[in-house]
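The first chain written gets the first letter, and so on, giving A, B, C and D; residue counts start at 1 in each chain.
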Amino acid sequence: MVGGGQGAFIGEVHRFASRLDGHYDLVAGALSASPDKAKASAEALNIGRAYTSYEEMAKAEAARPDGIEAVAIVTPNHVHAGPAIAFLEAGIHVICDKPLTATLDEAEALQAAVKRSKALFFLTHNYTGYPMVRQARELVESGALGKLRLVQVEYVQDWLTDPVERSGGNKQAEWRTDPARSGAGGSVGDIGTHAYNLAGFVSGLAVERLAADLDAFVEGRALDDNAHVLLRYQGGAKGMLWCSQVAPGNENGLKLRVFGDKGGLVWAQEDPNRLWFTPHGEATRLITRRGAAASAAADAVSRIPGGHPEGYLEGFANLYTGAALGIRAHQAGEPMPELARLVPGIEAGMAGMRFVGACVESSRRDAAWVSP
Amino acid sequence: MVGGGQGAFIGEVHRFASRLDGHYDLVAGALSASPDKAKASAEALNIGRAYTSYEEMAKAEAARPDGIEAVAIVTPNHVHAGPAIAFLEAGIHVICDKPLTATLDEAEALQAAVKRSKALFFLTHNYTGYPMVRQARELVESGALGKLRLVQVEYVQDWLTDPVERSGGNKQAEWRTDPARSGAGGSVGDIGTHAYNLAGFVSGLAVERLAADLDAFVEGRALDDNAHVLLRYQGGAKGMLWCSQVAPGNENGLKLRVFGDKGGLVWAQEDPNRLWFTPHGEATRLITRRGAAASAAADAVSRIPGGHPEGYLEGFANLYTGAALGIRAHQAGEPMPELARLVPGIEAGMAGMRFVGACVESSRRDAAWVSP
Amino acid sequence: MVGGGQGAFIGEVHRFASRLDGHYDLVAGALSASPDKAKASAEALNIGRAYTSYEEMAKAEAARPDGIEAVAIVTPNHVHAGPAIAFLEAGIHVICDKPLTATLDEAEALQAAVKRSKALFFLTHNYTGYPMVRQARELVESGALGKLRLVQVEYVQDWLTDPVERSGGNKQAEWRTDPARSGAGGSVGDIGTHAYNLAGFVSGLAVERLAADLDAFVEGRALDDNAHVLLRYQGGAKGMLWCSQVAPGNENGLKLRVFGDKGGLVWAQEDPNRLWFTPHGEATRLITRRGAAASAAADAVSRIPGGHPEGYLEGFANLYTGAALGIRAHQAGEPMPELARLVPGIEAGMAGMRFVGACVESSRRDAAWVSP
Amino acid sequence: MVGGGQGAFIGEVHRFASRLDGHYDLVAGALSASPDKAKASAEALNIGRAYTSYEEMAKAEAARPDGIEAVAIVTPNHVHAGPAIAFLEAGIHVICDKPLTATLDEAEALQAAVKRSKALFFLTHNYTGYPMVRQARELVESGALGKLRLVQVEYVQDWLTDPVERSGGNKQAEWRTDPARSGAGGSVGDIGTHAYNLAGFVSGLAVERLAADLDAFVEGRALDDNAHVLLRYQGGAKGMLWCSQVAPGNENGLKLRVFGDKGGLVWAQEDPNRLWFTPHGEATRLITRRGAAASAAADAVSRIPGGHPEGYLEGFANLYTGAALGIRAHQAGEPMPELARLVPGIEAGMAGMRFVGACVESSRRDAAWVSP
């Protein structure tokens, strides 16, 4: 693991997720840029091999006969490309947190490294791991919604309503509102990319043009904390994306609605075990995880019976397990299994970066239409 | 009543609403342009004085000592201005269905007539009549949400998913998709104006510019059946408005969310007795009609105890009662009471027309920013 | 109208309900036992013929050529039997609030009067008037749930959590907690009878035996404010009934769940336009009033399109309209129409009285099994 | 681990739960009574030390210097007491699935063994591990609800609606409906004990007497599949418990409502990150896990930020982690930490057994009052 030392948020999530299904052991880490913290964090986590830099770690692990097979990169955005490229070049598989990188240049360098390397690259757009999201995707693919017309997606939070990045005690807020560490997108990079990715994952559609109106409502904030985006998809569907970190009363409100000429569906992340499906002209169906109407795609990433809620960590773990299956197949020279192919990779990462770039450019040009 | 003959929808709603509180008797009507139907409808409704034209009705009623005090206009949009002007000129108060008219020219003529007339003019943007909407408005006004940043409003239906206007049996769909009768806006005129009005009513904010992307997803449909609109309010707040009539699984999904720097609120028309309010940094409160946290403004338009759902007709009736109180005060030479002042009037109607016009123009210009 | 003077609650509800569909004019009333109040109330309501006693009113109205056709009795329970019998004997149809009477003796006298009279008797167990309750009943009757096994019903409020009957300002609480005016049942008579009636209306089942545990949690309260009841239905189904007026956070929580060997349904009064139906082994369906899966029985008592909430007054009005149709048919010598037959009558009233009696007796005998 | 071989359900849950926080390694197991299956299961799970009997395992592990510190017992009920006693006698800590045992005799033998042993005993009434359940308990303890009056608890499923135990392919249904393996309680033992435990955990109240009406609705089923229970608590509170496995449309519907003279709360297992709290006379609060109003007790068993749903496995893992902390403290000779003390133990298990016994006895005596 690179990053995820004391005080981090997403590193801990990756550790939980990797542990859940028993496919991973965490044996080595460069958990912090600070040597002391790196050491202390490794000890606290019982990690035997503690490094002080990812370059060193990549080299040393590649050289060991029992070196790591895969690395998780859970640093702030501006420290994604460096370690990812280093490990890929060392032949070590990479599981990287989103968004792909802080800048498009870094993203392109990383993309090139992925192409050059035999190692695999996975990107944790974790919301795609929820069973009912898998079923939603399958429903669309099956034609149950008919020809798609509308994709409405939103991701709404409230934790940046106040200028907490200046309170002195909120590391998460600090780097996520800092262009040097986050890149050009604030909310649009942090959560907008998740929403965008989810909409594409379920709908199977690609955005042709978008028009974005970005705001930093908190005075002095350098990055957007709210984004309103109009979407035009290839093939004629339209959509809206709203992401916000300044909407009081919202914790992690990711919600997707997709409508076609034969039906519609609704899924909300805070109630993840349920999927609402309406065949046009019939009663709405409440489809539940492992319930009577759950599909094989949902079942394949479920662990326990219906009515026993699976949550965020389970969905996240589904990506880790998909990656593990992919790595095993790769090692065995076998084709990628379905669960590995469903894990977002470099293309999804590039799409996210182009989305952020297009939003920022569009907003600068007064919400002009821009192709991502 | 003008319009509202057999087969009509909104005429019946107006009759229910006017009857509920006992302030109105329906004694005269020009219920249909067809003489036979006008007569038959009047008989079916026990209306004594049946007219075959609104001009005739306005004249005759104005001349009678027991002539009507007020008239309800419940015709398709293109027959709003004519009768409204005729009755206003006859000194008879007008309660008119929304949107104001089919065209901006008609709207301006009507506005002039309102200015000239001593009679009152009310417009039934009925969703403003819900008790919890009144409380939402009051919460914003009180400063409980702080300075407003975001207004997200949507009005989503599915009844035009198929080309039902060509099925031969759906009068409502026929005129609502016909530019000659509806005006330039389809969904945007029919329901978008409601959403726009509600957002303004609660937030107290005026839109400075908007950018709209309108679609007619059903082939051959002459008016939009879906609209995606970005909003920029005076003072810096931003918003999104989505209205659709082609989103399967949605019946009458009008929903408003308003966020400021101190709190947020959510209200949904299909669950109208509840208002969700979050003071930033505290638990969300569920405020119910006539519940422990209901306010005076909500109480003033409630009829029965909390937990006994009041619905659409009750909300609609609140406008009728507000209008009745206004008419009584007017007759007595007294100032307009609060409940009358809260009923939308000609200004709200003009704002709605400018909204439709701006949306259509913006969409024609590829979602350019337009001032409504 | 008998009762319903100033300060009353249910009288106003009856007036709204009678007015909504235009079948009734309120022209005469004995609104209060106090002559002054009776007069003042009548004036405030624009009621021309104000009486000071119901006996006088029954006689006088029966004697007039334009006398009332029907009377609404909206007094406290101990003043149901007297006026009901008087009007029935005068040949005037009676619409009476629930529960039937305060005592079983009164109930039997009233039952005898109904049998003797040619006039009709209706009892406003109003929750049976909700469209989705009608559809629930129809679903059970159709066999969609299979053989019934379980009936779970509850009616939960919180307005008597404190001893508000001793606050000096709460007329409703005063008489409803007073055995002399309410009868032997407190919560069990006031709301338990509604729950019991609703369960029977939808399930079509009759209770064979019940075991009840009644409590007055507020010190010094003379009647129960909470009741826990086990139900055994004829044919083997079982059930539970819970009613409470001391459960903070509950306003008017009437909820019914019915399960058979082929399916289950759930309906809740505070969300009345929705009915949840699960065919065993399939996804749960959300059936909405006038939605795609609404039935003819629900449609027959609906006024406006799906998604436009109808509420408590509309459901209540459905009984008034059913009674009006019944009265018209009766006058014309025609058979009772379906909508009139669905209005609860004297049998439902007697069943409610036996239920209250059985609960009180069972509770006195330490929750022994008692046949109602 | 004892039990939990191929085809088992709860064994897998224990494995997930033990793995999540990294406190356990699964190194030895007697996974099945069948030697072949025990071996195959151990191999599939990468468990090094596979035993064919729990007696052997207890002996061997106790003898090894690197023997297990704790064992999870995840067998059907009739194989709880045997292994639990064997491991306790070998000085190995026991984490045992619920209910405690199949018979009261076994339970008493186990209780004696717990008293004799220095090893610790934990019982996985896992629903007590949910963060919002911890906060609910804390709210009651703090007096925020005042003096408790009502405890309403239900646990409703539908998976035994049909006689699936005779279908030949449902191991879970087979043993859970078999008195020889389950004990005297069917639904009441399997899920009723959970509901009973949860009610006691949150309310802090002990049941004085209960009256139960048990049914086996499916013909030929030897154990109850539905139970209706009246509860009388020490101190005067009353309650109802309903558990069912034959209610179509219910997956795992455990729901608890507690009401006192100052407030009420509601929690439902299928929406576990939310707790509804109403201070009497105020608006209902929606308290969310790690949200603005979350308490220290909830926070202590939370892993990730609010809005990121934690589910069943996380709640279950909280007991495993509590047990691990308890074992560590025990080894260090330190007092039990709070999180360990909150894990149900032998007393909770005995209470559950007495509850099942009392329900069965009461039901046999026609729902007579019985002290558990």
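In the analysis below, contacts are C-beta pairs under 8 Å (C-beta built on N, C-alpha and C of every residue); 3 or more make two chains touch, one makes a residue touch a chain.
The chain list, named the UniProt way, goes like this: A, B, C, D = Oxidoreductase.
Model, not experiment: these values are computed from the prediction.
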| item | value |
| --- | --- |
| Which of A-D and B-D has more C-beta contact pairs | A-D |
| Where chain B (Oxidoreductase) and chain D (Oxidoreductase) are represented by their mean Cα positions, the distance between them in whole Å | 55 |
| Computed distance of Cα centres, chain B (Oxidoreductase) from chain A (Oxidoreductase), in Å | 42 |
| Between chain D (Oxidoreductase) and chain A (Oxidoreductase), distance of the C-alpha-averaged centres to the nearest whole Å | 35 |
| Residue numbers of chain D (Oxidoreductase) (touch at least two other chains) | 250, 277, 281, 284, 288, 291 |
| Chain contact topology (line, ring, star, complete or other) | complete |
| Chain C (Oxidoreductase) residues touching chain A (Oxidoreductase) - in the complex, by the definition given at the top | 277, 281-288, 291-293 |
| Interfacial residue positions of chain A (Oxidoreductase) with respect to chain D (Oxidoreductase) in the complex | 9, 12-13, 15-16, 19-20, 22, 46, 157, 250-253, 269-273, 288, 291, 303-314 |
| Complex interface listing, chain B (Oxidoreductase) residues touching chain A (Oxidoreductase) | 145, 149-150, 152, 158, 161-162, 211, 213, 215, 217, 226, 228, 230, 232, 238-240, 242, 244, 246-250, 257, 259-266, 276-281, 284, 366-367, 369 |
